[in-house]
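Quick heads-up: structures coming right below.
Each of the next two complexes has chain A plus one other chain: chain B in the first, chain C in the second.
Let's look at the complex of A and B:
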């Protein structure tokens, strides 16, 4: 019953505002977290058995009549579902204490769950239009969540995010229309098969360009990144964590990769474009991050840079490169989720995001400082944390596939990443305690618990990286490395 | 061909006007006109259901809602149009038409003919039997919209 990944959060979201009339805090907290915990357990424990014999295809029926709800679960979608459930649950646990002062908690959770349902739906979709639709589901919920604080900054950021997102979806929709016009179908398998038979390089090129612009905007690759450094820092911390950790990856990287590799087939030209865009984002955003004083803004630029690594890895197109890219996607989701949560703890304790105003907070918030350090070092690629292994795999893949220049750029950017993260750690947590913060206390229980949960995952995956790669990453990379055959052969309904 | 081109030009013209006009009422009416053109194009392209929905919902219902809202909130002052409209609009319009024509000319012969025919089956068939998963998505979008309105227009119950 993989439809549960979409149906459960939607149903819980539907009843939450009603429940919120009766109980303002406890029941909504409990319901939302229980739903996400269930999805996590379902993805982590049942998911792997489900796909043991190849991709699971589900055609739903209603009172014995088949209905046109077709879902597919393979290694790649399962990895994404796991990432969504993990980061989603951590952000939701964090919200228990963090969202207390915002009010309207039941509505907040409802929007949060609709966003999760949208992402899950996108990941399970087998059809181009479903991808577009579920992308919009997650996006509409996320606009409201970015603006949830109702401050001037929040509203402005949400509006900017909305406008650029609409441009992105318009590009995606145009491309879907071109593909539908050519092949007469929207189904991944049918489109992939038809494109193999049709000799329409130019039209596929145009469709790819539109998809690249649309998904590039969604993934905030440079030069399509302008909205992200405003939208992500303005949102409440758990939402920043989900946006940066998950949404840009699901509606940008996942959708782009699935369509380019499994439906269109990765051509050498497309591979070069992806690698160049990835490398450009990686470098430019790292320099931009270095100059930031706002803690969350620095993290936002870092997200753009790290998505660059992911796209660079996947763009290589070799099995090792794809595995490295996907592993980094997973690791970055956890580590960036963690960092946005710790930045939320700091912001709530001090009331500021300005790094220059902070200082010495480690004395007052030791757990937050430690978890922040884990996240920062993980993204910077310091062994033995998880981020180190994924970057290492990407760099080895680059060298193996004959791209030594890209490999050098990746290594140098990693040094740059370590530089700005150490700068952040030093300015915020180390050094002399700023007297203003003498009364600051460690974050409340659930906020700390959520960050510790993610930090432990970062350390644990770093130590057990080889079993993580074989159980979760390799099946996902195999699907992508199979190219169009992964879909044509086994996805027909 | 001429009718089609005229309809497309009308669509783009009114769409751009809807964005550039500062008077909200005129802007809403331009949007309705653009939607009307789009609806007619849908009819001519053998998509009557899309045409009916476009004209009745977008051109009709939504415009009524816009105009009602504007009528309820408008202070009654005269709105002075921005000068930008006077020169940006023609410029933008000409540039758009040229780029569009060039792209389409380059593409037309390269895209194979439309593989699918006109809408097959009745509207109900397509919606309920062909695109059921989209309905789930639509329900989710509507839920998101409702929750967004509830959340963003909530009373200031901070620290309650």
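Let's look at the complex of A and C:
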């Protein structure tokens, strides 16, 4: 029942506004978290049994009639589902306390679940139009969530986000139209097969460029990134966590990877362009992060930089590179989710996001400071945390595939990363306590619990990295490393 | 008596140390009783082992020829007995003297731990256990000095640790070299000719042994410790234990491990080391104004006689050196304990403030006098006998100059003790110190026991010489050689003895001259020597620690680290601190300026990116 991944959050999202009329807090809290907990358990425990015999495909039908929606689950999708469920659950737990003062909790959870449903659907989609469709579902929910605070900045950011996203989806739609025109089909397998026979280089090149711009915008690769540093910090903290941790990866990196590797096939030209874009994002965004005074903006730029790593790793195209890229995607989802949550704790406790105004908060918020440190060190790639291993795999893959220059850039960027994260940790948590915050208290229970949950995952995966890679990452990387054949050969009914 | 009994002298004090550490302050009586009982048991077994003389305990340990190998034979049983004897005296003394010390528990624990390590080092018959026990002594050395509790105690403890550590390090290097040369780590099997690599090994191991005994230039922590550490510690380690251990090892090195030949280069090297130590240290001792510091310099100076004696490599000289070792341990221990007794009652050991204490503290005064006369080599005390033997040995080796150096040392030794004794116990009673009583029996008894032993070993020198010293040399003298030291005319009517007595007379005249010249102030009696034109400058430099290799080494290292800091570290730091960060910040500023928040701007980037990407794909695809 793959459809549950999409249907359950959609159904709960539909019920929630009605329930909200009766119970303003407790029942929405329970329902939303239960739905996400179920998704997590379903993905983590049942998921691997489902795909034990190869990818599974589910044809949706309406009163016995098959409709044009088919969902498929393979190793790559499952990894993404797991990441979505983990970060989604953490963000949802965090919301229990954090969203108290925003009001309209039921509506918030409904939007949140619609976004989750959109992402899950995108991950399971098997044709190009469904990719566009679910991407818009998730995106529309996210516009509303960015603007959820209804302040001036939030609205401006949401509007800017909307306008640039629309450009992205427009180009994606054009590209889908071009492909449909050439092949007469939208299904991944059929398109892949047709393209192999057609051998139409120029048109595919144009479509690739359009896809690259569209998904690049969604993934916030430089130079398509400018919306992200406005949009992500403006949203409520749990939404920032989901946007930065999941949405840019699902609607950007996942879609891009799926189409380029499994449908178009990764040509050397595409590989070079992807790696260059990844390296550029990595370096430029790291420098931009260094210059930020706003904690969440720094995190947002850091997301751009880390997505650069992921794209660089996947762009190599070798099995090890893909595995490293996917592992980093997973690790970054956890760590960046964690960091946005801790920044939310800090913002709620102090009312500011300005790093210069903070200082010494570790004395008042020891758990938040510790979890923040775990997340920061994980992204910076300090052993034995999870981020270290994925970066190491990417760098090894770069060297093995004969790209020593990119490898050096990756290493130097991780130094830059460590630099701005230590800057953040020192300015916010270490040093002398700013007297303004003498009365600050540790974050409430659920907020702390959510960050501790993610921090423990970061540490645990770092220590058990080899078993994580063999259980979750390798099946996903295998699907991608098989290239076009994975789609053509194995979409069994 | 099973071989396992050899573990007793190591395990018993170690276990006792742990117990003593945990007994609370309030149970002081129990602590004292336990410590004394333990020391008594050790002394009893010291006698038992001495009578037994031959026992071996050997279990495989780390492989590679590294066994836990303990061997009891004549020499080690003699040192073991001596260690046990000093331990019980020091323990008895400490029960009163350290009663109210703030870290008394630690003190007792360290003392017994030291005893455990020292016994282990003496019994070890494999170099690796030897090094293990030898290094263990460093820990307690450090701990005991810090118990002094003065502001500079920590610094002195570090100094002692570093100097001893350096000496031990060279000893380990020497042992490593010796291992490669001899191919075995079992001490009783090693016997090599000191040539080539083995000569280097000899010098390195000699540094280790001489450093432990406190010879120059590894002595500089001892005078500092005299002020900073408890006086009981001085009587315990630098005066007794370390001399016994260091000279024991030096004798093993020159007698067993290496075949040291009379007149060889290494023999001369040892004699030079001994002679220099005798003369320089005694000159420093002469001008000291504090009794404890004065005694500490003598503790250095007297090592010179032992090293000189062993360095002669002739049987008579070696026997003299070894006899001097046990004699020195007795009278120097007695002297430090007397100084401690004075300090216990008057609260000071400054010569200027003391005077005429013989009436109030007659027993301490008696003990001090006997020991002082013994160290000065006055007939018929033990110091006279062993010094005579060293003089004879030096002359026999053919290097008269070393005998002369030893005699010069004797002059100033007596002169400085005339000054010390005169200042503290004789002369006029000063008014600065209120009326005092004689110290408690637990303090006086050890002093008197040591004084009595000094007399016994002097008058009946046949007894210790035949009982303790002579068997050590068995097997090391060529067959048929003369081995009867006692018949070697150790009476006062021979030229050597007459010269020695002449030296004593000279010393008396020197003291009298200084005493009268300084206006009958005994503590200024050394001023005429002190104020000699060039000598005065040298003394000032010495007091400023210019000749202290440790202090100078520390200065050099400070300078070196400063140079490295300024020339290497700062420039590198500048690159990171200024060049990299400023460049990074500049670049960041440029990038930030580009992000001006205009939607059109951002859209333009996207379109430009699209064109570039499309161009790149089409270009690369061809």
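Simple rule for what comes next: the second predicted complex is superposed on the first by the 482 of 493 C-alpha atoms of A that agree within 3 Å, B and C clash if a C-alpha of one lies under 4 Å from a C-alpha of the other, contacts with A are read in each partner's own complex, and residues count from 1 in each chain.
The rule is simple: a residue touches a chain if its C-beta (ideal position, glycine included) is under 8 Å from a C-beta of that chain, and two chains touch if they have at least 3 such contacts.
What you are looking at is a predicted structure, and each value in this text was computed from that prediction instead of being measured.
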item	value
First (chain B), second (chain C), both or neither touched by A:227	second
Superposed model, chain A: greater residue contact from chain B or chain C	B
Partner chain(s) touched by A:268 [first = chain B, second = chain C, both, neither]	second
Contacts of A:184 with chain B and chain C, given as first, second, both or neither	first
Touching partner for A:403 - first (chain B), second (chain C), both, neither	neither
Touching partner for A:193 - first (chain B), second (chain C), both, neither	neither
Partner chain(s) touched by A:103 [first = chain B, second = chain C, both, neither]	first
Touching partner for A:14 - first (chain B), second (chain C), both, neither	first
Touching partner for A:206 - first (chain B), second (chain C), both, neither	both
Overlap of chain C and chain B interfaces on chain A (superposed complexes)	202, 206
Complex contacts: residues of chain A adjacent to chain B	6-7, 10, 13-14, 17, 24, 60, 67-71, 101-104, 107-108, 110-111, 114-115, 117-118, 121, 125, 127, 129-130, 133-134, 136-137, 140-141, 143-144, 147-148, 150, 178, 180-185, 194, 198, 200, 202-203, 206
In the complex with chain C, residue positions of chain A that touch it	160, 163-164, 167, 171, 201-202, 205-206, 208-210, 212-213, 216-217, 223-224, 226-227, 229-230, 267-270, 272-273, 276-277, 284, 287-288, 290-291, 416, 419
Parts of chain B lying in touch with chain A, wherever the complex brings them together	106-107, 110-112, 114-116, 128-134, 136-141, 143-145, 147-148, 150-152, 154, 156-160
Residue ranges of chain C in contact with chain A within the complex	584-585, 587-589, 591-592, 595, 597, 599, 601-603, 605-606, 608-610, 613-614, 616-621
